[in-house]
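Read from first to last, the chains carry the letters A, B, C, D and E; within each, the first residue is number 1.
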Amino acid sequence: MLIARVIGETIATVKNERVRGTKLLICRQTDHTGKPIGKPYVAVDLVDAGVGDLVLTGHGSAARQTHITKDTPVDAVVNAVIDHLEVDGEIVFRKT
Amino acid sequence: MLIARVIGETIATVKNERVRGTKLLICRQTDHTGKPIGKPYVAVDLVDAGVGDLVLTGHGSAARQTHITKDTPVDAVVNAVIDHLEVDGEIVFRKT
Amino acid sequence: MLIARVIGETIATVKNERVRGTKLLICRQTDHTGKPIGKPYVAVDLVDAGVGDLVLTGHGSAARQTHITKDTPVDAVVNAVIDHLEVDGEIVFRKT
Amino acid sequence: MLIARVIGETIATVKNERVRGTKLLICRQTDHTGKPIGKPYVAVDLVDAGVGDLVLTGHGSAARQTHITKDTPVDAVVNAVIDHLEVDGEIVFRKT
Amino acid sequence: MLIARVIGETIATVKNERVRGTKLLICRQTDHTGKPIGKPYVAVDLVDAGVGDLVLTGHGSAARQTHITKDTPVDAVVNAVIDHLEVDGEIVFRKT
């Protein structure tokens, strides 16, 4: 999974009915301290995450291993809200 | 899913019969404001998108979770037209 | 799918019997005008493409959605020969 | 699989029950000598690895070929602890 | 598939029994002349390849389409030894 920051939300005319009922979060991968790096992508929210949250996102077929996304053309989900990151024995991020 | 701009269309001699009947859109991933970045790719259109539209594209096996693309050698679909993008509480893109 | 230029062919001692009977084309992804960019990769030919052709290649599990490649350790196929590319309303490539 | 260094651990509020019981290791891909390069990612620990270990990580649907991760939205696992790396006939890394 | 040079081997404490019995080759993707570029990765050997060989590697679910790797958390295999590469009508590599 990738460590990502939720930076926003997109409203879109989605073909698939089940996807239509979900929140589509705009995420950006971060480094190990939670600092955004790289290009944005959109993931279906499974955990009621919000803008600013640090999350884990699952990609590829992993994204369809849930009741909401099964058999839908979805390739990314937010599957966890990160509470804290510990790197080399130090807490480098803690959810406030 | 990726946020992408539809920049064109390709006509190709496709082996697979079902794919042959579809629109093959040339897309480029964008940043979170809709500005194209990165290399182009081709996705099967599911939502009657047109050149200039900002869309979401699904990749990998996600692209075959539809009646049109099931069991075809397709790895990318346009599965939504983006209405607007909201980043950090501001509308950064709105479909005109 | 990726837009790619066929730049050559490889002869290899392949373990899988069915793959052994196929043409293994060396491809390079191109930009939207057909100019090669990026690293080469090898795709199983499904459409009798030749060196110099501009093609579409399907990747990942998409590459096994054909009678030839089903259940084989293949992750890329040439699934279409591009006739022309139209970008922003202009023909930027046409097969000669 | 990628050669990766375990650099830390994340505690996260995970939706999926089975994933909730696992260790989520923060990894960074390394070069062939074990030196970290590239962005971090999070993988489910299958081999009781610890911070500092050099490991192999499996990605994509490979990550769900275990009893722990089957049918979960997981796309990366630590599936081996590296004992040594031999490159061009020389031992370039040995676990201490 | 990627064109890759086998640069070494790794010995690792692998959880999966079937994977444990295989050779884990360290590979680096090459350009179209066989010159290594990019980061190393580890692939299960299916063709008795050795250090220095130029090979084709299959990635993702393709890597599990063999008796050895079926249902294992493996995402890369060496599935062919390259005999020669012909680019733009010239032999640019021939196995010695």
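Following the convention adopted for this analysis, a contact is a pair of C-beta atoms (placed from the backbone, for glycine too) under 8 Å apart; a residue touches a chain by one contact, two chains touch by 3 or more.
Model, not experiment: these values are computed from the prediction.
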Going by the touch criterion stated earlier, list every chain that contacts subunit B and also contacts subunit D.
A
Touching subunit C and subunit E alike are none
Between copies subunit C and subunit D, what's the superposition rotation on C-alpha atoms, in steps of 5 degrees?
145
Quick check: how many Å separate the C-alpha centres of subunit B and subunit E?
32
Using mean C-alpha positions as chain centres, tell me how far subunit A is from subunit D in Å, no decimals.
20
In subunit B, residues with contacts to at least two other chains:
60-61, 63
Ordered round the ring starting at subunit C and going to subunit E, the chains are C, E, D, A, B
Interface with subunit B, subunit A side, in the complex: residues 7-16, 19, 24, 26, 28, 39-43, 51, 60-61, 63-64, 71-76
Seen from subunit E, its contact residues with subunit C in the complex are 1-3, 29, 31-32, 37-38, 46-47, 55-56, 58-63, 65-66, 77, 79-89, 92
